[in-house]
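What follows is a pair of complexes built around chain A, which joins chain B in one and chain C in the other.
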Partner chain A sequence: MNLAIFLLALFDGVAYAALVFIVALGLTLIFGVMRILNVAHGSLYAIGAYATVSLTGYVLALGFAPVLAFPLMIVSAVLVGIAIGGPLEYFLLRRIYDKSEVLQLLVTFAVFMILEDVQRLVWGTQPYFDSSALQVLGNVSVFGVTYTAYQLILLPLIAVVLLLGMRFFLRRTVTGKLITATTEDREAAQSIGIDADKVFLFTFVIGAVLAGLGGALASPTTSILPGMGADMIVLSFAVVATAGLGQIEGAALTALMIGLGRSFAVYLYPEISVLVPYLIMVLVLLVRPEGLFGSPAARKI
Partner chain B sequence: MSTRTDQPDTTAGKTSPEKGASPMKSALSLLWIIGIAAVVAVPFVAPSLKLLFTFAMAKGLGVLGVTVLLRAGQVSFGHALYFGIAAYAGAFLMTAMPSTDFLIVLLAGVAGATLASIFVGLFVVRYRGIFFGMLNLAFSMIFWSILEKFYHYTGGADGIRLERPTVFGSALNFNDFGMILYYVLVALMVGLGWYTMRWFNSPVGNLFQTIKTNETRLEYLGVSPKRALLSGYVLSAALCGVGGVMMGMAQGVVTPEYVWWVRSAEMVFIAVLGGAGSVQGAFLGALIYEAVRTYASVYAGDVWQMILGGFLLIIILFAPGGLIGILESLFKRKSDKKGGGK
Partner chain C sequence: MKTKIMKRTVSALLASAMPVVAFAADKPDSLKIGMTAFLTGPASVFGVPARDAAEIMIENINAKGGINGVPIEINFIDEGAGAEALTSEYRRMVQSGGAEVMLASISSGNCQTIAPLAEDLQVPNLMWDCGTQRIFEENDYKYVFRTQANATPEMLATVAYLLKTKPDFKTIAVVNQDYAWGRDSWDIFSTALKAMKPDVEVVAEFFPKFGSPDFSTEISRLQALQPDVILSTSWGGDLDTFVQQASQRGLLNTSTFVLPLAESSLERLGAALTDGHIVGARGDHYFLHPERRNDEDFQAFMKQYEEKTGDVSVYPVFHASQAIAALTGAYEKAIADNSVDWPSEDQLLAALEGLTFQGLGRPVTLREDNQGVEDQLIGTSVQTGEYPFATLENIMIFDGDQLTTPVGEISIEWVKTLDAGFVDAISFDQFDN
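Right, the complex of A and B next:
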């Protein structure tokens, strides 16, 4: 393995980890606050990607500059969060907070199945590809290795900003503190006047926006196909479970671990590259069942 | 010691609901006997439905496996894994040793699924709820990508043929073999269904179901919940294996599709549709599902998953007992009307 290949694998891994982290961040935030694992998160990711490609394609066809691809990503992500995430929480999840964990899982799974077909109905089964955002930023050369600036600089930068922003938001802002308080003890929070329903709705929309943003940011780098949502939900669950459910900083580290593991496997043992994330997850969970950064839950008797 | 302590629990749980509902129970069990008789008669009365029933029963056995886990309050989104492993085990055996006996293929498939489930089970029984469901999904996706990637051995997305095995030394034609498969499936459905119901009432089965109600109490009894869950997990995988290898023989080809997460979701769907935790519900659900799919998917192939998801939501939110729950409440109402003076 010479330096060039090493660097390529490193860059691939970092770019991939950044994307997975953004999606996993939404997943783990929703779980941390609402105690629901949203299987439909994968669909929101896929819909974010589809929406971005459609919007960008439409706007660029009107003759606007390709730079507009970036704000359109944010627009699509917010659209996904508000138009799909909002009603999902308000009309459906709100009814099942008192149900058992398994039923909640089944409900989000049912939503996932529905949304998979919605994608197929709206966008068909042919792959989409639109790399205008990638071309706007051009390439950079590091030690003779040429790589796209979008993947090497922009994606990791966004991931870091989101990580720091989320930390700041949850610990320093009033809304963030309300969310943290509701997470700690819903009843106590309600008794001091926090509208827990509103907090849940808000959290879920934020989580959904993050899923959509992950898809939007991924759209210039991959071709968009049916089934990408299923892959992503399993992968981001692997990241979140390895870190410990609800652990935001941990998710960043495990995303990096899994992203690098996968990309180095692509160059060294291509056959097993798909398996690497799961191997890492299984190995970690064998030693630490609650995840790398999770603490064992106290049992109620 | 442990068996003695849970003995009273078993009897207490069994007698109380049966006392009040015995006329309803007998009416229902009569219905099941009629149902089985009808299934036995299908190849003669309505030969065109034979294949549909064959697939429904094979799938029903897989659903029964998922149903077993639901009894412990656990849901697996990856049980198609065992369905597929068994089918591939049968197919590999037939490729390696052509004209193997039908019974050996069946046993090889079940053995494959059972072995895999012990291996995976030792890991996943440490988890409950979300983790249990998602880890099973992860394992099934790992196996799926292995099947797709190592196409030299597995035939990739096209899968491999499962040649028709011999039956006790004689090679049969397509129709005769179909008949044999059909009646073996009926026997397996009745036999394994009965066995599973007996197992639910056995001490091990009771310990297993306690995981849903009160796992901590199990530990106080000195019983390892992991071991109890593992026993149920292996049973559920073996049932899925029986279904999978029978499905493989009925279709004559096995593809990675067998392991695809949509298949797992389908099994969970049917189990919930039939009635979460009901043995009869698993087969009833599978039959209705296959029938609707055969006729409706022609018109609604594009939105099939959407329909499934929609129904799943409706059942969970409005009819948590599933088809069996609806059926039982109908019978209850009738028997209440009859004995109105009570």
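Right, the complex of A and C next:
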């Protein structure tokens, strides 16, 4: 394996990792704060992608410049977060925080299945594809291999900005600190006057926006079709579990490991590329059952 | 005691006489049939068009009075619900739903499951879409018929077209979905290629996971390898994503893509599928079929279908038309042959043997092993500007007889015995577009 090939595999891995990280970030944030594994996260990802394709298609058909596709991604992501994430937390999840994990999992899984059917009702079963955003940025050539600037530069850049932004938000802003405090100990936080309900709602909406943003950012590169949410939830769960549930930096590192592992596998031994994320997960969890960055949790009685 | 024995003898005699006199059945109020198709899941890109088409065709038949005055009533089973739900629904439809004939299925795995079940339930089953060549090579069935080709002729036609249009290529890479179809089709394709053009080098074999949302890494590696030809038997969202991503990154300019199922993605791929790539259609299926596009029935149906769905027809629509043509053809033949109002099941099965019928493509004939012999249409993509997506030029329609594995032989063994002369000897018709 020469240097050129090594670098190519590196670029591919980073681009892939960026997208996985963005989705996993929302999932791990929600888990960290609310201790709920939100399976419906996958649906929010898919709906984010569908919404972006529909909105972009509509706006571009009106004759606007393709560059508008970028703000429309953010619009779609926020729409998903507020219109679906908000009511989901407020009307449903709020009722099950003190129930057993199995029930919580079943409820979010039920929501996932309902939303899958909603997608089918609204968008049908034919795949959609709209790469206007990607085409705006054009291509970059490296060692005779053409990459899209969107995947090679923009996606990793957004992932890094989100990682740093999230760290800053949680550690340096008041709202972030409220979230961190509630995560540490809900009862203590409530006793000093933090409105935990509000914090939960806010966190969930942010997490949902991130899922929607992941879908929006993925939409110019891939076919939008039924079932895409299921794949993403499995993969991002692998990332989150390997990293340690609730660990943001860990999720970034794991996404990178999985992305690189997968792309190097495609260069060296393509047959195992599908296995790589799960191999990494198994290996890490064998050694550290609580995840790379997780700390053994003190069980509440 | 004596009378008992007597009674038994008489009833045994009567019973043994029964099959000799095949009684005609009473004319039913309606002919109930069931059809399995993916209405959910990734393969609904095939199932939904087929269902829409079947509904239109049956409405048309019923508007003309049905079969000998009996209207057809069709019910659908969703293959997307899983094999277990499929078999129990199938059983229910036959046993208590009164379905006389079943049309199943899209998935090869489902066909393998349903073939023995249809035998058990003694219900005539028309395999209308699945691709596996194994069905009639590994088993004999009395109730199961396939109204279309299978993977072997589909792949052989593709190899033949490739060798005729691009005889000097040296290297090939494959990117197929990682499941039975992706593996089996490559098995047949590569075996045929090795037999007919042994000097070709396979430079990369990729089997990304079914439903993969991203082929970037595979595309980078293909750009580094620069194979002359890239084969992908993928379909649906996988094929769309692969071709779109490859197109975005210019891979379509440096390699010739060979896409045996791309006819079903032409409209969705839009401008991404550039000129000069080889497109197959799993049979002679194309909404601008060069021999059929001027026919009145063909035009009328295409118009109806486009009005109902907003899309152009894809191959599952043609496959559905063939199964329904076989169904009506068999009933009409059985009614005429036996001069009855309505045929018994045995009369229907007898009519299906060796039946020739015509759906939207060329006529198809059922062989003695119940495998359909279907001609294969392959073409080269071209953006003419007439449609907002690629259409086909330099179309060849290959004769199905020569491409289909002879009765009683195993495809992969038979394909190994072919050589370069096979391509020269094959008969086909050529059309500019």
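The rule is simple: the second predicted complex is superposed on the first by the 288 of 301 C-alpha atoms of A that agree within 3 Å, B and C clash if a C-alpha of one lies under 4 Å from a C-alpha of the other, contacts with A are read in each partner's own complex, and residues count from 1 in each chain.
Going forward, contacts are C-beta pairs under 8 Å (C-beta built on N, C-alpha and C of every residue); 3 or more make two chains touch, one makes a residue touch a chain.
These figures come from a predicted structure and were not determined experimentally.
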Practice problem: Return fit or clash for chain B versus chain C, each positioned on chain A through the superposition. | Solution: clash
Practice problem: May I ask you to decide whether A:238 touches chain B, chain C, both, or neither, giving the answer as first, second, both or neither? | Solution: first
Exercise. Determine, under the contact definition given at the top, whether A:221 touches first (chain B), second (chain C), both, or neither.
Key: second
Quiz item: So, A:180: does it touch chain B (first), chain C (second), both, or neither?
Solution: neither
Practice problem: Please indicate which partner A:144 is in contact with in the superposed arrangement: first for chain B, second for chain C, both, or neither. | Solution: second
Quiz item: Touching A:190, do we find chain B (first), chain C (second), both, or neither?
Solution: neither
Exercise. Examine A:114 and indicate which partner it touches, taking first as chain B and second as chain C; both and neither are also allowed.
Key: first
Quiz item: After superposing on chain A, which stretch of chain B overlaps chain C: 21-29, 75-83, 147-155 or 237-245?
Solution: 147-155
Practice problem: Kindly list the residues of chain A that each of chain B and chain C touches, one partner per complex. | Solution: 120, 271, 274
Quiz item: Which positions of chain A touch chain B when the two form their complex?
Solution: 37, 92, 95-96, 100-103, 105-107, 109-114, 116-118, 120-121, 230, 234, 237-238, 241, 245, 271, 274-275, 278, 281-282, 285-286, 289, 299, 301
Practice problem: Note which residues of chain B are touching chain A in the complex, please. | Solution: 70, 73-75, 77, 123, 126-131, 133-135, 137-139, 141-142, 145-146, 149-150, 216, 261, 265, 268, 272, 302-306, 308-310, 312-313, 316-317
Self-check item: Residue numbers on chain C that touch chain A, as the complex places them
Solution: 39-42, 44-45, 48, 178, 204-209, 211, 213-214, 216-218, 220-221, 223-224, 236-238, 240-241, 244-245, 248-251, 268-270, 272, 311
Practice problem: Quick one: which bits of chain A touch chain C in the complex? Just the residue numbers, please. | Solution: 4-5, 8-9, 11-13, 15-16, 19, 120, 124-127, 129, 131, 134-135, 139, 143-148, 151, 218, 221-223, 225-228, 231-232, 262-263, 266-267, 270-271, 273-274
